[in-house]
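Both complexes shown next keep chain A, but they swap its partner, so chain B is in the first and chain C is in the second.
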Partner chain A sequence: MANIEINAPGTSQLFIGNEAIARGALEAGIGFAAAYPGTPSSEILGSLAQVAKKMGIYAEWSINEMVAMEAAAGASFAGIRALAAMKQNGINVVSDFLANLVMSGTGKGGLVLVSCDDPSAISSSNEQDTRPIAKWLDIPLVEPGDFQEAKDMTKWLFDLAEELGTLCILRSVTRIAHARGNVKLGELPTKQHKAHFDQIHDLKNVMPTTFMPLPSSLRHFFLHMKLDKAREKFESSPFNRYVGPDKADLLIITGGSCWLYSQDAIEALKLRDRVGILKLGTLWPLPERFVTEHLNKSDKVLFVEEIDPFLERSVMELAGNFPPNALRPTFYGKRSGHINAYGELNPDMVIKAVSTILGLTYQARDVAYSKKSEALVKSTVPERSMTFCAGCPHRATFWAIKNALKLDGRDGFVTGDIGCYSLALGPAGFFQVRTMHCMGGGAGVANGLGKLGQFGFDQPVIAVVGDSTFYHATIPALINGIYNQSKFILVILDNSATAMTGFQPHPGTGMTAMGEPTKAVSMEALCHALGAHVEVCDPFDLKGTTATLLKMMAEDSGAKVAIMRRQCELIRAKKEKSPYNVRVDVEKCIGEDCGCDRLCTRIFLCPGLVWDKKAGKSRIDEVICSGCGVCVDVCPQGAIIREAA
Partner chain B sequence: MTTKGCKELVSEVIETRLCALCGACTGNCPYLTYYKGRITLLDNCSRTDEAQCYEYCPRTYTDMNAISQKIFGTPYGENEIGTVKDVFMARATDNRIKKKAQYGGAVTALLSLALTEGVIDGAVLTKTSDDKSPAPFLAQSVDDVLKCAGSSYMACPVLGRYNQIPKDDSSKLGIVAMPCQVLSVAKMKTVPPANRVSIGNVDMVIGLFCTWALSPDTFYQFLKENLDLSKVKKFDIPPPPANRFDVYTASGKTSFPLEQIRKHTMLACSHCLDMTSEFADISVGSVEGTEGWNTVIVRTDAGADLMQRAKRKGKLQIDKLPESNLEHLKEAALLKKKRALNEIVKRSGDKKNLLYLSLSSQLTKKLLA
Partner chain C sequence: MTKKELTKDPLNLIITGVGGQGNVMISLIIGNAFVREGFLVTVGETYGASQRGGPVMSHMRISKEIQYSPFIPDGCADIILGMEPVETLRMLGKYGNPNVITIINPRPIYSIDVTGGHAQYPDLNKLIETVKELSSQTWLINATEEAQKMGSHMFANAILIGALIGSGVLPLDKKSIEPVLRETFPKEIETNLVAFNKGIKLVKT
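What follows is the complex of A and B.
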């Protein structure tokens, strides 16, 4: 990670977008930051936590996004500038609090929520767009178009949030959050933080009040006043600008990373003299006068934006209010089909849209070259599907789950959740996971299924959650299952980290975000206290784990807990050497013959095992094999040998 | 070689409940597994060209003539109780065996002798587990064999244990098996399997008489619901006309009417023509009307040799089986054949389609008459 705390104003540093946002928060003088990890947002809190002690601020990984936001609001109420960061899914977790927070208003410390969206859902379960939420919350939302803006906007947004006394959202996307660019640094504040909760505070020059959303109608009215004030400021914001001819053949309206794609497209098409770009940074409330002025630039308008047609609809709404005889441009975008209605965009897509609208033909490079380069790249990349790492305890767990469900024979299944183990939807986890929605959702769904006995339902239900997900959102579902006697097994895949997002600590790990040792919250003590039947298994013991699951499935009682305890292989490998040297005895390996049909490389699919087609034998890829030795117990012929390393 | 694999085994045998739980498809296959009275396919195997699970199943294509030719050197005949060298009635002389034996203790006596004499180094048997469910067991001593005496009347995948023996093991083996299992072993002897322990090692097959077996799934559940299984010492079906299933416990005997028990017979058994384990070296059953004795059919040279040893060493008291008993046995065996063949034809809907069996048209006609 970069040194986001470097005190060298005026110099340029190479930051990923998330570090730029964290730096902006430091320059804004935040004292408090809280987050729950989620790609692509995780590095914001991660980089702040690293420098927190040095910078005299506080940073925490919260149990979930809701608590992160509430904790940050608490700091704001006591006069500390505070930031909460999350991925788009987190917005849903926190939305109930948000809907009330916007009514109560924030405290003397500016409060900013950073939400990182994931167009194309590269690392997500959905590609939800944060922008419309600002609209229904009636709060300002801005979006940086590059790395410099990511820092500058964050700093500026704290000022705005504090001035308005309302929560403000900074929306970012994967290609800003995780791409890297130069950022010119500003000053770091030297002011000491002093926190105090004023019993009665001044609701932004309106009335003395407490922090609550009541009386709601009146609060709603005040909220709209704040929004009007924000709109007025946005009319002259430097984050909104137009580049292009005075009279253009086409006007592109865009924002965020799509601004970069649009610039690339216009450059490639050499259309700088014909196409103008209106780049918006303050997306809600829309700076209506500023946008209206620029709508005159062309009779054709193309909206370039990812996921929802947010700008498209907002501008069309605006145009709908034009006087009856006013000129209205033709609008192109998601509605017209010129821009994809879902997924990430790229310069090629923008080139295609612009070319279609203006009737141009454009060929970036000849087709033969494209094909040749594609083939070349493919030839050097090993063929591998999306899978668990070699030595991952999840593969062993799902092997045991698969076999236990099959042996039980009642067509049992797994309700899944969010984490590395979501991969069990596919071959990595032997297609075991049959439902997957949100954090904690799998256990919730299992609660319902587990109560269907009276309707003839006899299928065993296993809800899998990761350890971090367990703390995050699963505990209420487990309590419900115990209280209402729902029949399911909650399998907690305890690999002792929030592994998927980068091994962040969680309440069970005994470590804080700032690297301090702390009290670990024991999941089995918690489950025991709830009255659950708890079993702790080592998933590498395939036989024992399968037997335990079979036994639990055969029991009649309500919600039960099976903890699969094995540290994430990537963490273990950083600390110690491989436990085993693993090799294949080629004499014993019968490959594709009857009695095996290459179980290890066809079904088990650990990337540490490779199929040597020529020899007709399996072999260990020593570079990838982690030496966990689990495959030894999978091989039906005893052909895989493990020796203590 | 067949061109079918585990998918067809599942659809043609397991799902149709023709599976007799012999265990031939399990043990050295990572895909087909026996668990609590059922064969389960854990993952799909892509083998179809030489899938041995399908090949050796006693409920897939079975060429009776080819098998008989291999085991006895003659085509499959019309004798109700198969190829016979000799028939006796016999009982063990050893008191230790007598005390534990279901009937005359002939099987235990023969096996113990075979082990002591080095005819075999081990034997695959059925042992009643601590939870009173039957489980395959590899006996390697006389004590081991004694632990396996007695029957639970439930099907047990004995051949799965045979398949688990390492393929480089050269020990001589005995197998005590039901007719379905004996048929599977005979199939293996006819076309030896690859990638498992040599079928040539199996030097002694002792087949049991069987009219039907009970399901280790539903019958075990039935027992569990009606008894404290931990106290059970012995199961017994006394010969007709008793018509009951007896369970002996420390505190006495509990009896169930046979009608109640029959609900739990395996459907597969009603499609089986073999009552006397026709492809065994020696077949052993009870003697109707005479308690404490076994009927023993000697079929092969290896079988005759072992019987000779038993006689010589005084391990078995041997007597002539009364003619009326032999006739009765033949009647019963024929009845099983007729019932089963009718059942098969009823299922296939075609007198020429005998599902898994290949019989001469003459014999088919005779049995269906």
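What follows is the complex of A and C.
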């Protein structure tokens, strides 16, 4: 991660959007930041935590998004500017608190929630849009259109949130959050923070202070007054602008990363003098006067936005209120089918939409070249499926689970959760995972399955969760399983980090976000205290782990816990050398003749083990192999040799 | 400092390979060097789950005028730096054009589909011929092999950065890259500088 506290105002830095947001928060003078890791949002808190001590602020990885948001609100109530950051799903976890926070209002410290959406669900289990949620919850929402705006808008939003006394949301998407671009730095404040929770009600104030006892409907009325004030501010916001001719053949209305795609499309089609772009940054409440003024730029309007047709619906709603004889442009977008109603967009999709509407032809490259290169890729380039890293403990765990379920013979299966181990839906984890929804969801689903004995259900159920996910959302489901005696095994894949999102610490690691040692919350002590039967296994011990799981499956009692403890290989490799040199003994390897159906390369599928087709033998790829030595125990011929490195 | 000019605006560079090879690191080094020379740079990367052994790419857009989007439009790559051969061809299929320049590390990394017998890895010599056929100019740089001679395949990245700079296809020189390399690899800077210079030498022979 880049150093976001560099004190060089006016210089340009190459920041990802998340670093730009974090820098904006620093420039705004925040004192408190909390988050739960989630792609594509993780580097916001990560980069703040890295400089927190030096900047005199506090930053934490919270146990989940709900606690992160509540903790940040606590700081706001005591007069400290505070930020909570999360991925799209985080806002679902927080929504109950948000629905009440909007009614109470915030404290004297401005409070901002950053929500990063992941169009196309590139690193997510679902695709969803924060914008309609902000509308549903009556929360002002803005969205940066580039990296500079990500910084500038964050700083500006803290002023606004503080002035309005309500939570504000900054929405970002993957291609801003995780892309890099130029950011010109501003000044860093030198103000000292002083926190105090003010308990005296200010009865002279028209707006109710946060904790004045008032009926909720009255608070709702005051909230709408705040939204009207926000809309008024948005009417003259510098983050909304029009680029293009006075009279355009087509007007594009867009925001966020789609502003960049629209701009690319206009450049590629050389349409600067024919197509205008209304780039919006303040999306909810919609600055209606500003939008209305620009709707007359063209009689054709195209909405370029990802996931939900949020701008499209908002503007159509606005146009629906025009007087009956007013001119209305023709609207193009998701409703007309010109823009996809799912998945992320890119410049080519906008080029296609604009070309279709204006009747243009666009050819990026020579037609013969296109045909030839595409055909060559189709005929020669092999698929490259995702897999666990070489040396990943999850591969070993799922190998043991697969074998234990097979040996048990009752058609047992695995309910899954969110993390690297979601890959076990596919060949990487031998297709063992059968359900996957949200954080903690797998254990919840297992609770129901484990109570179906009276209906003849006899299949063993294993719920897998990562260590961080266990703390985040699985503990209530485990307690429920123990209390209601639901029959399932909770397998905790304890690799000592939140690996999927960048190895952030969690309550079990004994380390804080700011790098301070702390009291680790032991998962086995916790599970013991709940009264669960707990086993701790080393997944690299394939035989022992399989036997333990098999034994636990045979037990008739309620929820049980098996902890698979082995550090994430990517962390281990940073600290120490490989434990083994691994090689294939070509004399012993019998290749295709192996009665095991080439277990090592066809089934186990570690990328460090490759199949040498010419020689008809398996081979170690020394560039990829991490030297874990697990494959030695997979080969029935004893042809794979490990020697201490 | 001499004023650095782009041969084309925006200049579109793709760095491609397999998750874990280090394409993000390369894009960060090149990108930072460009920003320090006063250019507007946008970098888009594959990330998250696709890093786990999947195909990865960085799209870099360099301009004097506009902060471009992090996606190069189809068929519009100017330069492709391929850290793995089939991934280089995959990029040519989507982003290549008759003018594209390619720098390629010919060391294959087999996918689990190939290892598992569900897909075929093409003949390497034929593959490289195809890449040459689809490029206006191709440099073959045995980066992994040369890096292993230096003690670790990890130095392949610095060799490839050296090749990219030495080829002269970017308006950047040794002086613009060296300080960024020093900041990126403070611990192993000497070996990385040797690797970087080796890359420059390899591309020129």
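Going forward, the second predicted complex is superposed on the first by the 613 of 645 C-alpha atoms of A that agree within 3 Å, B and C clash if a C-alpha of one lies under 4 Å from a C-alpha of the other, contacts with A are read in each partner's own complex, and residues count from 1 in each chain.
Following the convention adopted for this analysis, contacts are C-beta pairs under 8 Å (C-beta built on N, C-alpha and C of every residue); 3 or more make two chains touch, one makes a residue touch a chain.
Remember, it's a predicted structure, so these values are computed and weren't measured experimentally.
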| item | value |
| --- | --- |
| Chain B versus chain C as contact partner of A:G181, first or second or both or neither | second |
| First (chain B), second (chain C), both or neither touched by A:T356 | neither |
| Partner chain in contact with A:T435 - chain B first, chain C second, else both or neither | neither |
| First (chain B), second (chain C), both or neither touched by A:P636 | first |
| Touched partner set for A:R602, first chain B, second chain C, both or neither | both |
| Chain B versus chain C as contact partner of A:T512, first or second or both or neither | neither |
| Chain touching more of chain A, residue-wise (chain B, chain C) | C |
| Which superposed partner A:I590 touches (first chain B, second chain C, both, neither) | first |
| Partner chain in contact with A:N480 - chain B first, chain C second, else both or neither | neither |
| Touched partner set for A:N346, first chain B, second chain C, both or neither | second |
| On chain A, positions contacted by chain B and by chain C | 602-603 |
| Chain C-facing residues of chain A, complex | 12-14, 39-40, 122-123, 146-148, 175, 178-182, 257, 260-261, 263-264, 267-268, 346-348, 351, 364-366, 369-370, 372-374, 376-378, 380-389, 420, 422-423, 427-428, 500, 598, 601-603, 605, 607, 609-611, 621-624 |
| Chain C to chain A touching residues, read off their complex | 18-20, 27-28, 31-32, 35, 38, 40-45, 47-50, 52-55, 66-71, 73-76, 86-87, 89-90, 92-94, 96-98, 107, 109-122, 126-127, 130, 134, 144, 148, 153 |
| Contacting residues of chain A [partner chain B, same complex] | 402-403, 406-407, 409, 430, 590, 592-597, 599, 602-603, 634, 636-638 |
| Chain A-facing residues of chain B, complex | 28-31, 33, 35-36, 38, 40-43, 45-47, 50-53, 166, 194-196 |
